[in-house]
Amino acid sequence: MQRIGVFVCWCGSNIAGTVDVKAVAEALKSEPGVVYSTDYQYMCSQAGQDLIVQAVKDNNLTGLVICSCSPRMHEATFRKTAATAGLNPYMVEIANIREQCSWVHKEMPIGTEKAIILGKAAVAKVNLNTPLTPGESPVTKRALVIGGGIAGIQTALDIADAGFPVDIVETKPTIGGKMAQLDKTFPTLDCAACILTPKMVDVAQHEKIRIFSYSEVAEVKGFVGNFDVTIKKKARFVDETKCTGCGDCVDKCPMKKNPNEFNMGMDNRPAIYIPFAQAVPKVATIDAGACTMLKKGKCGLCSKVCGAGAIDYTQKDEFISEKYGAIVVATGFNVISMDKFDEYAYNQSKDVITSLEFERLTNAAGPTAGKLLRPSDGKHPHKIVFVQCVGSRCENCAEKGKEYCSKICCMYTAKHAMLTRDKYPDTDVTVFYIDVRTPGKNFDEFYRRAVEEFGVKYVKGMVGKIVPEGEVLKVQASDLINNKQMHIDADLVVLAAAIEPDKSARPLATMLTASMDTNDFFTEAHPKLRPVESPTAGVFLSGACQGPKDIPETVSQAGAAASKVIGLLCKDKLLGNPCIAGSNELMCNGCSSCERVCPYGAITYLDKEFRMPDRTTKIRRVASVNPAVCQGCGACTVACPSGAMDLRGFANDQIMAEVDAICK
Amino acid sequence: MQKITREQLLDRAVALLSDGTVNSVLGWQKGEFDYDVTPHIFKSADELKEGFVWNDFCYANFSKYLVLKTDRIEGKLLVFLKPCDTYSFNQLLTEHRFDREKVYAIGVGCEGMVDVNKLKAAVDGISSIEATEEGLKVTTIYDDEPTVVAIENVLLERCVNCKSKKHVAYDELMGEEGEIIDSARFDEVAALEAMTADERFAFWQNELSKCIRCNACRDACPACTCENCVFNNPNSGVETKAPVTSFEEQMFHIIRAYHVAGRCTDCGECSRVCPQNIPLHLLNRKFIKDINECYGDYQAGEEVGMRAPLVDYTLEDLEPGEVLNRRGEDA
Amino acid sequence: MQVKEYKPLIVAFCCNWCSYAGADLAGNNRLNYPADVKIIRVPCSCRVNPMFILRAFQRGADGVILCGCHPGDCHYTSGNYYTRRRMAMLFSMLDYLGIERERTRVEWVSAAEGAKFAATMNEFVEAVSALGENKRLEDLRCKR
Amino acid sequence: MNKKDLLREEIIRRSGVNPKKCMKCGKCSGTCPAYEEMEFHPHQFASMIDSGDIEPLIASESVYKCLSCFACVERCPRGVEPAKLIEAVRLSVIREKGANRMTANDVPAMVDEETPQQLLVSAFRKYTK
């Protein structure tokens, strides 16, 4: 049986003006468990707190009910008071008789009556309170960054610079991501490679960073501070430690006709390849689907020419297990497929290209060595049409495009148009737009320059259809401002295709129990206040995996994610919230209902042996709550059909007792 | 009359027992009267030949038995499942309530089962029953000549409104693969919904006041397999067994129906076993109908691993007020 | 003869992060609502077991209202979405049994909506008062 | 509700289209093969119906110039379906007494050896009530 002390606060006249505090203290004296009851002018003052501490000592109190202001105001204060008095801080309950009583009711009898009832409810609850202690868990001081684009690179560098080891997992043979494929970057027009490749080198040379290129995350177990991750290192058939990246094998390989992914398939690469000159790691990789040695056992030329003896046709996928304290997702984006946009003739004509393909066409390291030439016949295009919002802002999202704005297209289209006019002033450039969205530093100025200084024609309207006819592309479009239909014979059409999260994101989210929105972007813990954290503790978000972003934004978010990771890894131990769910294993059915509603993936299942009444044993599947992950929402307690799941601090019997006390 | 014969099932069961595929059989056993067929675990071929039956009275849904029985026996258990039973079978698998590896399931085609109460109401003093093409030939202690009762007049409610002749789970199927039926099972619920609140209250007060709190509905329900039922748990706040006018009593049926909401396959066992003939299925079907209307068609147990609607959500779900008022102010 | 004015008993479950704070804000702004409303604090609206609501009714509550964060704003990201389904189904069932639908309600009240909290409570108390005492749930199994 | 609003409601109900969804991209007019023939273009139908400015549309020949090829319906990124709006306005016109666009008497003048029967049938379906 508890020995409860009731402390009714006057809060000056704030409470005492509408509530007869003496009557409340008196009425609560006769409640079950109450052995002491008093009132005081300011319970939260030092004198008030001293009074509580003294009362605990004098009366051997085990639980406290404070009738005062909102627990959101002073619950923490009174919990500390309880701790000072030698009680468990969670043996305190607050009856909110100020904000929810004296301040909203006018008449003394009514206020007093309600205050007594609220006090009774709090007493009923404290009677069932049990001491709670927050759980502790250690922190592995190493971070995992999934994705080696600019987001992952920046996050990894920032974490590593703070002194924590970081591993980067990248599915491609090299880090660098999409930014490595870009030519110039808006709004400053500095060259992407010039600012990215030094960072790639920094990563490669950083003593705290390991790169797992051509690798994937295969399995994630554990929780914040203690993730167990299995990384699959795909066989690249080249010994990374031996390969010097000299490129002799690449030159000699006879299987030269494989679409070059780095150049968006606009030229070819051999079966053994290094994606680009500044690749990190600069190591060759054999495309197993294209290599005749791997397919038929014939050839072996690369092995013969390799001075380092790095070629290993017997290499197998390798699995590496490592522990991490935090995981950063930086899986980035891809351009959506244009297959369903028949009206733009993407699949009919080589001269209808996406903007990312255009980047490669204008890049000095691209298939045309930076000369703007039509993919079909290598001629210089004189009339270029850019189409914005291709697949973005679509209502029928499931079928064709995406419902969201891809955010970066307006700016890169302005960039492409401007650069084209700059380099080839004889080229006629028309951009069709629905809206031009330039809300960034120096963005609108950039767009205006494209129009005013470089003479790019911006037409408010949309291209309805494109028909390839002979050497030209017949573009039919609307010009809404002039209320006319336009017909342009273009040499090249560039589609600003929508971007979407990388396909690897969805299975990864499942592994991480991190939540995603319907578009497969990772959701943040709070859209405004916790924008770089996933709701799953210990999982952080960096870059376009969370939503469309340009480079400056991605880098800011990467830094923010890194600082969150550093904040976590700095701790030696994590203290949990003690008000968390717990399952009574004897009653648990193992039905998985709780697991399905848990927003944090805090619930796992164990096969446990139970002794039955007839002395036999039985193995049953039972739920187990990870105290480091559970946030205490209680969704599981209601989903649980048997009532095995309960929430500490807000237990079924406690809430039921409050209901009973109020309804008595 | 069932299309599959007792002999077909018996032969198959004996064969599976003798080749060691299974070492016991969960089947229906002859009772004292022809209509009180009871579930039984047969351990040998002889026992099967002696007591196994398959007829129009094999109404019991065996799925629930698997939860306890698969733990208690060695080797595999052969179970016979009618189409509606297979939904419960899948639902229990979804909830990890038994080990699929320990069960060999034979799907048995079903032509509908007889409601013994209806039969008794039609014919008094039954001494024996024989299934024929024309119907049930019922011999009574009063008459020399047997009475023939057409089976469609005495079918169980759940069979009259059969939702599926399709087996959604089995290792082996005997008889033809059936179809999912577009049944009229929600008509009664809709009729109640169309009444005024006063009429509905009068209806339910009349029905629920009959309850003697025997717990048969819970005990027969294949969704009620909790290790420790809340109604037996002194800490749940709803435990009690005596029929008193307390909370537990007043709320029993609401809590019971809510507990199985989204998991109930509408197998109809609750109504079948109710000794007071309370139409309990109308509570379960109300939830199913609401779920179908508000969150999209959902048939519990259709597949293993489905996410039940009450442990799921969409961002566009209706507000509770919209659900309540979707048919107008008071309807 | 003086007739004692009927005072309904209303139980309000409020989530800690939004609605309880909204109720506090109503207090801060001294927005009056009837004292018949008694608030129980829960971490999230999804903590509210239908059993609690039924229990309140059985112990004599005339109305039960559940307040949580607006959909999309849940502190725990998705708790109120589950609440929305659970309560929709429970209230629909009570309605089906003939219990007056005005006695149950779910309202989303944010921490900034003190005025909405007070207005909601005023409205709800008025609606429940109009119905009078809650007899039906109690009488559900007691045909006389 | 005044007459203008009534007409707007009627058109929206009949077409089953919500013109508010239009984001004014102009792809419908960009794709329209009958654009030059029309006084008001598909995107204007969406915009003018939304603003209740329907009388000029009714008075215009544009409702007959639309080929009902549904290219705009197919390509609208927002699912607005301009052709259905045009259809709804056309119905408002031809449902007026005596406002059929063509009668049987008009047919002989239109027919030559290459005119398929089907064309006449669909023209009747489209231009008469």
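To keep things simple, chains are lettered A, B, C and D as they appear, and every chain counts its residues starting from 1.
One rule holds in what follows: a residue touches a chain if its C-beta (ideal position, glycine included) is under 8 Å from a C-beta of that chain, and two chains touch if they have at least 3 such contacts.
Predicted model only: the values in this text are computed from it and were never measured.
Chemist: Per the definition at the top, count C-beta pairs in contact and tell me whether A-B or A-C has more.
Modeler: A-C
Chemist: Counting only Cα atoms for the centres, state how far chain A is from chain B in Å.
Modeler: Each chain reduced to its C-alpha mean, chain A and chain B end up 45 Å apart.
Chemist: Averaging only over C-alpha atoms, locate the centres of chain C and chain D and give their separation in whole Å.
Modeler: 51
Chemist: Can you work out the whole-Å distance between the CA centroids of chain A and chain C?
Modeler: Averaging C-alpha atoms per chain gives centres 35 Å apart.
Chemist: Taking each chain's centre as the mean of its CA atoms, how far is chain A from chain D in angstrom?
Modeler: 47
Chemist: Which residues of chain B are in contact with two or more other chains?
Modeler: Each of 236-237, 310-312, 315 in chain B touches at least two other chains.
Chemist: At least two partner chains per residue is the criterion; list those residues in chain C.
Modeler: Within chain C, the residues that touch at least two other chains are 50-51, 55, 59, 78, 82, 86.
Chemist: Pull out every residue in chain A that's touching 2 or more other chains.
Modeler: As it turns out, chain A has residues touching two or more other chains at 597, 639, 652, 656.
Chemist: Every touching chain pair, please?
Modeler: So, checking each combination of chains, I get A-B, A-C, A-D, B-C as the touching pairs.
Chemist: Okay, in this complex, where on chain B does chain A touch?
Modeler: 71, 94-97, 225-230, 233, 235-237, 259-260, 263, 307-308, 310-312, 315
Chemist: Which residues, counting only chain A, touch chain C once they are in their complex?
Modeler: Listed in rising order, the residues are 70-73, 96, 98-101, 103-106, 110-111, 113-114, 117-118, 121, 515, 523, 525, 535, 579, 597, 599, 631-635, 637-639, 647, 650, 652, 655-656, 658-660, 662-664.
Chemist: Going by the contact rule at the top, pick out the chain B residues touching chain C in the complex.
Modeler: Per the stated touch rule, the residues are 189, 192-193, 197-206, 208-209, 211, 236-238, 245-247, 249-251, 254-255, 257-258, 261, 283, 286-287, 290-291, 294-295, 309-315, 317-325.
Chemist: Which part of chain C faces chain B closely enough to touch in the complex?
Modeler: Those in contact with chain B are residues 50-51, 54-55, 58-59, 71-72, 78, 81-82, 84-101, 104-106, 136-143.
Chemist: Taking the complex as given, what residues does chain C use to touch chain A?
Modeler: 9, 11, 16, 20-21, 23-28, 30-33, 35, 38-44, 46-52, 55-56, 59-61, 75-79, 82, 86, 118
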